[in-house]
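Heads up, the next two complexes both have subunit A, just with different partners, subunit B and then subunit C.
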Partner chain A sequence: MCDQTFLANVFGSCDKCFKQRALRPVFKKSQQLSYCSTCAEIMATEALHENETLASLKSEAENLKGKLEEERAKLHDVELHQVAERVEALGQFVMKTRRTLKGHGNKVLCMDWCKDKRRIVSSSQDGKVIVWDSFTTNKEHAVTMPCTWVMACAYAPSGCAIACGGLDNKCSVYPLTFDKNENMAAKKKSVAMHTNYLSACSFTNSDMQILTASGDGTCALWDVESGQLLQSFHGHGADVLCLDLAPSETGNTFVSGGCDKKAMVWDMRSGQCVQAFETHESDINSVRYYPSGDAFASGSDDATCRLYDLRADREVAIYSKESIIFGASSVDFSLSGRLLFAGYNDYTINVWDVLKGSRVSILFGHENRVSTLRVSPDGTAFCSGSWDHTLRVWA
Partner chain B sequence: MSGSSSVAAMKKVVQQLQLEAGFNCVKVSQAAADLKQFCLQNAQHDPLLTGASSSTNPFRPQKVCSFL
Partner chain C sequence: MAAGPAPPPGRPRAQMPHLRKMERVVVSMQDPDQGVKMRSQRLLVTVIPHAVTGSDVVQWLTQKFCISEEEALHLGAVLVQHGYIYPLRDPRSLVLRPDETPYRFQVRLWGAVPVLLAIYLAKKNIRKQGTLADYEKECYDRLHTKISHAWDLVLMQAREQLRAAKQRRKGDRLVIACQEQTYWLVNRPPPGAPSVLEQGPGRGSCAASRVHMTKSTDFYKQEIEYCRRAMGRTRVKSSVCLEAYLSFCGQRGPHDPLVSGCLPSNPWISDDDAYWVMNAPTVAAPTKLRVERWGFSFRELLEDPVGRAHFVDFLGKEFSGENLSFWEACEELRYGAQAQVPTLVDAVYQQFLAPGAARWVNIDSRTMERTLEGLRQPHRYVLDDAQLHIYMLMKKASMSPPSRALSAHALPTLTLSQGSAFPTWLGPPWPLSCQCSVLSTHRVQRRRTGPDHMLKKGQVSI
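The block that comes next holds the complex of A and B.
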């Protein structure tokens, strides 16, 4: 659309049709062009047409949304906790801190378990990434990243490497070596490159591919060996804060959560978003699949955790209490999916009965925000990391 | 003044909604029943749920060994 048109006596070749005509200056996307009067008129009507198309698309979108909601509402015949009424209530839980891992010099931001159910990798604000033996609390490896705020770290399925990243906008892979003479940092391999901070990373079923989430609003799948981008996932309207891969039996999908309050489920092969959920009232800090792969839980700054069922395509439970007003930073399920552990910014960990929707236990111990929480691969314990510089293993 | 890009963006939104509309979803009662079923079936194998004893849980304090 023309912002301003002046009549000027300029004669030359039109920037659109290239014919020799009397030209007038025209502004398109703040760039000045010279159009002949015919092309200028065409541009004006095109813009009108665009507005019509935009309006009709908007109304189509509204229609579809309305239809979808109607259809979904019809299928919402019962609440999860009603279905679970007859299920035996859970008894008292005695869960205590069994190990405290001390050694980080600043806030612990992320942690991950090794498949051997004993080793843990953790990363912190001061740039340090440490690999611990959780049985003995010994530190086995330590690496200093060239950046601060290492917000993401992950253990490779083989247990032979770790990946981490943060404010450096990259995800780097470090092979773990037990040779005292080798400097771990020397073998570092930069795999992912984003245009904003790295918020989450995870290896897929093998050491060969890594999935990353970034503050630039995208997720991406990378080949570790070549560093090549295999697939990118666009759709979030703001920073993506977390991701989780579907349990291997259910196939090639993953879920991501972001600052746009949306949780999106993606097909890894096509890059398409297959389902999206927008019921949270604030940033989604953590997403985790239910062990069967048919649902996932999310923890958000709106102080609630929610359960979304993928086959019913809707939210089926909310885990909240009026007394909980601080955001949930991290969630994970126990092995059977009956318990949901959630770490909060009020320094506590709440344990929820997934089926009944009630809180079964509240765990105190950390002296600052709980920033990360993962259940061990065999479900015998879970580990939480906090801004109080420590990690705790609970069982 | 970027009219064409907002049209393109709206087209994507409509396409996404059309994709979601074609999704065959299951009733909540069915989905909830399946979730409940999974929980109950796997409950015995869940150490944190059953409170596994110290003999099987490497993190819980071991009973003291005594030499005979």
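The block that comes next holds the complex of A and C.
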């Protein structure tokens, strides 16, 4: 960079005040302008102010965050495992693979149960989405998506449609038809449009609304019929990887987790973030509400699962062990909320006692990382999908 | 310091915490005092120093982490698969054998990966006089085109290393060969073999900032606003919240099939779907456990089709059937198609809210005023306040003690008949017929035929 100690003597009208003065070149947002010396001085002081403001805002934000933590800590008078001392310990658990679903030609990335407690939809890396009757292990429907890495799939509450998406940045809804002559792909409806990959999707209480999470850092609520965006949720600082709808009576919130290590609770009506939790040390891969709706669990790449209480507004339990090194990719609660099932990237599934914080059991069987795990709607079993191309139902 | 696998492009090492953790474990395994017992292992006629046996590794892991042998074996196998420990016998397969099989800890290999790989393959090529495996040949040719400018260097290095190897003791030669082989098996697995290094599609992170969220004044202003709001929220003491979990789990425990089992049997274990038949959504005789659940919360009652039917009947007797219909209509509005919103709002107004409406619902005046205001600009949440009010009314009605509580209503007539595992109704069957329309399909997921179906069925008059 050369030493510019001379001033080119250009005379003309200033780009800011339009007066006829001696001009200097200035760079504003990489665009070259010509300012008179007065305007150049003013611009320099403004920039200085902005920097000061930025620094002061940053310190104010940090200050407030500290105070918030203090407030939260004030009401924390007891730990979960202390309270749980008087609860009876669970007996020995013997859970085995009861069904193995083979048919995907590549890594299984996501799965969801149908409300009829036996049907399952699963999606894989090669673009195939399959609907199974997992009780009989028969495949009932199969669709090939035009993209690879279908990372999200969901079953509609009525059982008449499925939604899926991935690297195509879209969420598509396919009505399920038993007519052999009809091509499922023909009736496909493109619902959501994001600017990056789709990481999770879920129907709300009906077939007509879908909630999606995407690698572009936003979540969005869509009307299936028209494809219209009903509400979008901004606030994550990086990719959003997972979401779950609240089972509460008023059913208005959902939680999402992302690569910014934050779990955020949103109000579906206003689009605002209601609560945020930032205690994980790495990407949050999965979030799931506790059955009562008062808390949620999260699984992360830092090899821990954590329980956050919404009323106490803090993290209340950590489920971790020194021997568990690999990240948890997906978590789900049993029907009563006593057990937490978590699938890990080291091919195992760990079962945790939610109240006591201890690990109840470790399940081996998959031959590659467990990518998705869901408990069935009536709690009789849970299903895990893995990069070893199979799904297993355990009970 | 152990050599880990080289991370694939697009996922910087800092983002793979499991690699860091594995390295820490391996370092502690090599600790001279607390680590795994290292001794000279005999391999046929050669003696290898500083080696460990598979069984020692498993034992060390079992003791260190207080885990079962099965889990220790699994953890050890993962370390071998990632190349932190390599086998001296049969180095082609990276498995951990819990016996006398000797293993060693990997050391760092220096240099740029493509050049190292080229040297390795060149050596193999020279040694085996051109008979490389197909995928290795392909790789070799590709590298040749890629670093053709440095190829002389590669060949020279390869020859030099081979010559130096001949001068080494047999033990060292074996060790180095196994080390190299493992390293390349992990970092360049043969086609078809699963790669432990494979990650999903690249993710952005705070560092990558793929998302348009530069730390500008707006970002901090948002944070500050959020913190201010959060400071003002009411929080509940931990002890209260945690007690709530205990009571919830305690109450639901017997209803959780995975915790307490289920009668007659879990379909997945016994291959018999009797349990599902007994608990079908619309069954004539609900089980005792199911009826118990209705008493847990109003939501449970409403979400169960049989429960809802009973509630409708109960409301009918209390002359307030329109409340449930109103609530259902609101649910339909909230979760229905966007295009239907104006029609539905209008229908609900005509049916339930307009003065002199056929099925007028009793909402307090303030809520009614607010709702009517909102109706001027209808949207899907415009009836939320009214819906909540009616919901709470119904909830109170279903739970209130004096002979009105639904469970008390239903339970006395429900007993287990002698000698059978299935509960039966002793009293007269509930008159489900008169409220069939409400039950005909699942709640709001029905096919919409239009709002007039609400007019048809004979509800109790005001």
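Here is the rule we go by: the second predicted complex is superposed on the first by the 360 of 395 C-alpha atoms of A that agree within 3 Å, B and C clash if a C-alpha of one lies under 4 Å from a C-alpha of the other, contacts with A are read in each partner's own complex, and residues count from 1 in each chain.
Following the convention adopted for this analysis, a residue touches a chain if its C-beta (ideal position, glycine included) is under 8 Å from a C-beta of that chain, and two chains touch if they have at least 3 such contacts.
Bear in mind the structure is a predicted one, so any value in this text is a computation, not a measurement.
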item	value
Superposed partners subunit B and subunit C on subunit A - clash or fit	clash
Which of subunit B and subunit C A:Leu57 touches, first, second, both or neither	both
Larger contact residue set on subunit A - subunit B or subunit C	C
First, second, both or neither for A:Asn368, with subunit B first and subunit C second	second
Touching partner for A:Ala84 - first (subunit B), second (subunit C), both, neither	both
Partner chain(s) touched by A:Lys28 [first = subunit B, second = subunit C, both, neither]	first
Contacts of A:Asp244 with subunit B and subunit C, given as first, second, both or neither	neither
Which superposed partner A:Asp168 touches (first subunit B, second subunit C, both, neither)	neither
Partner chain in contact with A:Asp112 - subunit B first, subunit C second, else both or neither	neither
First (subunit B), second (subunit C), both or neither touched by A:Asp332	neither
Touching partner for A:Val94 - first (subunit B), second (subunit C), both, neither	first
Doubly contacted residues of subunit A, that is, touched by subunit B and again by subunit C	50, 53-54, 57-58, 60-61, 64-65, 67-68, 71-72, 75-80, 83-84, 87, 90, 95, 98-99, 118, 135, 235, 273, 275-276, 290-292, 294-295, 309, 311-314, 316, 334-339, 354-355, 375, 378-382, 393, 395
Subunit B contact footprint on subunit A (complex, rising order)	1, 3, 27-30, 47, 50-51, 53-54, 57-58, 60-61, 64-65, 67-68, 71-72, 75-80, 83-84, 87, 90, 93-95, 98-99, 118, 134-135, 235, 272-276, 290-292, 294-295, 309, 311-314, 316, 334-339, 354-355, 375, 378-382, 393, 395
Complex contacts: residues of subunit B adjacent to subunit A	1-4, 6-7, 10-11, 13-14, 16-21, 23, 25-36, 38-43, 45-49, 51-52, 56-61
Residues of subunit A touching subunit C in the complex	50, 53-54, 57-58, 60-61, 64-65, 67-68, 71-72, 75-80, 83-84, 87, 90, 95, 98-99, 117-118, 135, 149, 151, 156-158, 167, 196-197, 204-209, 215-217, 223-226, 228, 230, 235-239, 241, 249-250, 259-261, 269, 273, 275-276, 281-283, 290-292, 294-295, 301-303, 309, 311-314, 316, 321-323, 325-327, 334-339, 345-348, 354-355, 362, 364, 367-368, 375, 378-382, 387, 393, 395
Touching residues on subunit C, where the partner in the complex is subunit A	15-18, 21-22, 25, 61, 64-65, 67-68, 70-72, 74-75, 78, 194, 200-201, 203-206, 208-213, 215-217, 220-224, 226-228, 230-231, 233, 235-246, 248-253, 255-259, 262, 266-269, 273, 275-276, 279, 297-299, 331, 334-339, 380-381, 384, 388, 391, 442, 444-445
